[in-house]
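Below is one structure, written out as structure tokens; the observations come after it.
So that you can tell them apart, the chains are marked A, B, C, D, E and F in the order they are listed, and the count of residues begins at 1 in each.
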Amino acid sequence: MKRRLSHLTAKGEAQMVNVARKPDQARRAIAEGAVRCGAATLKLLRDGKVPKGDVFAVARIAAIQAAKRTSELIPLCHPLPIHVVEVDLKIAHDAVQIRATVETIGKTGVEMEALTAVAAAALTIYDMCKAVDKQMTIESVRLLEKSKK
Amino acid sequence: MKRRLSHLTAKGEAQMVNVARKPDQARRAIAEGAVRCGAATLKLLRDGKVPKGDVFAVARIAAIQAAKRTSELIPLCHPLPIHVVEVDLKIAHDAVQIRATVETIGKTGVEMEALTAVAAAALTIYDMCKAVDKQMTIESVRLLEKSKK
Amino acid sequence: MKRRLSHLTAKGEAQMVNVARKPDQARRAIAEGAVRCGAATLKLLRDGKVPKGDVFAVARIAAIQAAKRTSELIPLCHPLPIHVVEVDLKIAHDAVQIRATVETIGKTGVEMEALTAVAAAALTIYDMCKAVDKQMTIESVRLLEKSKK
Amino acid sequence: MKRRLSHLTAKGEAQMVNVARKPDQARRAIAEGAVRCGAATLKLLRDGKVPKGDVFAVARIAAIQAAKRTSELIPLCHPLPIHVVEVDLKIAHDAVQIRATVETIGKTGVEMEALTAVAAAALTIYDMCKAVDKQMTIESVRLLEKSKK
Amino acid sequence: MKRRLSHLTAKGEAQMVNVARKPDQARRAIAEGAVRCGAATLKLLRDGKVPKGDVFAVARIAAIQAAKRTSELIPLCHPLPIHVVEVDLKIAHDAVQIRATVETIGKTGVEMEALTAVAAAALTIYDMCKAVDKQMTIESVRLLEKSKK
Amino acid sequence: MKRRLSHLTAKGEAQMVNVARKPDQARRAIAEGAVRCGAATLKLLRDGKVPKGDVFAVARIAAIQAAKRTSELIPLCHPLPIHVVEVDLKIAHDAVQIRATVETIGKTGVEMEALTAVAAAALTIYDMCKAVDKQMTIESVRLLEKSKK
């Protein structure tokens, strides 16, 4: 099986993939990731004096805003109309779990938008908790589902 | 030990930390992360027909550009002058390893800039390899070192 | 009558409204607002040595540019193609009156784009006149008309 | 008294004010404004099923983000390091009241940053409530205090 | 023949051209330009120790990124979906030659996107070579071809 | 004489130059360029029904805005505080002449900011005149002066 990176020309130069002749289709992508935190941090987020509300609200907004600007961050991404970004955050036993769903109708998929949303939410949670937890890591950022119809 | 998230007010509202009274200091942060890839993808990057040059060049630029715009992506980050961003990429046995170093002279640290650089490089590598590898994950994005003097 | 904010989930979390299934329609919105100024400021703008031309030219450009970036400024707005932004500025007896009209063909209305254009024009006029007038206020920013067909 | 708009040259052309020779000083500005809403909207925000939390969280983030980008929105503003943005939102009898405080150490004041923060918060509240209230207006956006030392 | 600048109203005020009633058509534009350099600079780029790879890779990315943001840079440009940006760079006898091709399906042409891509590539090459060459000039930035169907 | 491009590592990878140890100095750069136009276009701009005012006002604003965002457009540029951007436009016998002066106090020069301002003004003039002149070219964009003290 011959495989080639579609973002590189035969000479190995970076390029955008030409999507001009692709049809507009309804597209959806779901990505997930996690911010691994200490138990004390999760407790602060879960039931402490510090309401989790705003940390998660800020992370959700960061994710939505980043998804809309994916083509500015990832050099070879196409600008796409974004029809919705949904961001779910929940506290698991050793991490905050992040899931982002992005939908559009367009000529190319939205997996990078979903992954970018997850990364931005993770970085924002990290930023807001870093004063109390020096050991956090962002883990397992990956695509769960990509579909079109 | 009483701990509070400095990005939240006593009422739990998100806030920027006021850094106006902090001194300007030379600050450095180093972050790392990895894009776990299949062996075939790494082979393509390492010695295949497809030169790794441009994939890594694009990822490096994405990282530098994202570091400079961290305060737009992470809602409560302060805008900072960025004096250098260094990005090292290397191919390990099952992943592309990313390391970013950021330096500034300013009133607050640059760990979010370093982590954002790593995340942007990882997302860009993902974007450029996703046509040939559907199983990649971004792993272990974390701060290695943070210093000031 | 039951009413719910469509930008909040049942749990009260912020969300984008999913517009993927809405039809593309021709949409127009008109918004207005005013910068209340002192008589001396209005005189400077109207017939003084200082030509009003450039103040208004700068405000008009600021309005057009802001309308195009509404989805970056208002977190839950959808990115939309903007087909035209018209900005009318005129000097009334105690204020500069601003009116902005925005048109697109898309899945959601452009009232936020029109309101954002008015706000940006108002802030720009404020910025350019603030050295001579410390008492300005921005007033009555509101939607005049919203239509689709 | 001769007065001239400092943002216009003698020929009436728009210009940035040259601040290169001004000293760095600690500067603060406070601005306020309001979104006039119907009683039902305020009730929804205050004690309804819909928690006010997230509407205000989103508005606060929009304000902070806009303050940091003021020099992109207002053409003749100087880019400034922003050391803190504080945003207070409260429900009054016929409006949501917004107050923003911005501090920096720099060569020019931050009143435009504070006013831009108020405008962005107001537009965001408008956006999130517009599905249930067609009569909102943004009122009385003005500078309350500006100081340096 | 009566001619009028379509970007100015009858009163001479700047305006966006209203494209709402134009059909969506496949559109392409090709622009070119050059960075005139000294022979030593071209030799460095061509066969020296310093690989030209990354200079050109960075310029290509800068061009693609700028093309996508044309409507932010050129005040009266419409935001457009960009379906591809191709950037060709080659070393001629006294200059680096730049050619950019942009395609979209939209209501207005992409010549400004192609010209903006060329300008950004030229400025980036200038930036990367300026330490060794103080005499560079950017020349002959122009539209080669514009078509729709 | 050994010469090396400071934006490339020994391995030829793109990098930002580390300016953390450079002193803050007052810096100024002046750049120029031209948009070559047909006589009819220049006549329209000079004395026609179409006032030149707004074309030049828009170009001037585009130049100022672009100068402030240079570090977003040119990948390896450092973000800098910009203390003033002056833009002079004049009509010569076969072209519109553009000159931009940028000043800052910082660790690195502002020649890229001045050149970027000239390029943005040129592209904007091109955009506003392209409906009446298909033969314009942007010429002789170059640095006139660069100083520090």
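To be clear about the criterion, a residue touches a chain if its C-beta (ideal position, glycine included) is under 8 Å from a C-beta of that chain, and two chains touch if they have at least 3 such contacts.
Quick caveat: nothing in here was measured; it's all calculated off a predicted structure.
When the partners of chain B are compared with those of chain F, the chains appearing in both lists are D, E.
By the document's definition of touch, common neighbours of chain D and chain F comprise B, C. The chain with its Cα centre farthest from the Cα centre of chain A is F. Ranking every chain by how far its Cα centroid lies from the centroid of chain B, the top place goes to C. Interface equivalence for B-F, evaluated over D-F, C-D or A-D, points to D-F, where over half of the contact pairs coincide by residue number.
Between chain A and chain C the centroid-to-centroid distance comes to 31 Å (mean Cα coordinates, whole Å). Chain B and chain C have Cα centroids lying 36 Å from one another. Taking the mean of the C-alpha atoms as each chain's centre, chain A and chain B sit 14 Å apart.
Under the contact definition stated at the top, the residues of chain B that touch 2 or more other chains are 13-14, 53-54, 57-58, 61-62, 65, 75-76, 81.
An unclassified topology is adopted by the chain contact network, corresponding to no line, ring, star or complete arrangement. Every pair of chains meeting the touch criterion is listed here: A-B, A-C, A-D, A-E, B-D, B-E, B-F, C-D, C-E, C-F, D-F, E-F.
Considering their complex, residues 53-54, 57-58, 61-62, 65 of chain E touch chain B.
Contact residues on chain B toward chain A in their complex (touch as defined above): 3-8, 12-14, 33, 40, 44, 49-51, 53-55, 57-58, 61-62, 65-66, 73-77, 111-112, 115-116, 119-120, 122-124, 126-132, 134, 136-143.
The touching residues of chain E, when paired with chain C in their complex, are 13-20, 71-72, 75-76, 78-81, 106-107.
Chain F meets chain D in the complex at residues 26, 56-57, 60-61, 64-65, 68-69, 81-86, 103-105.
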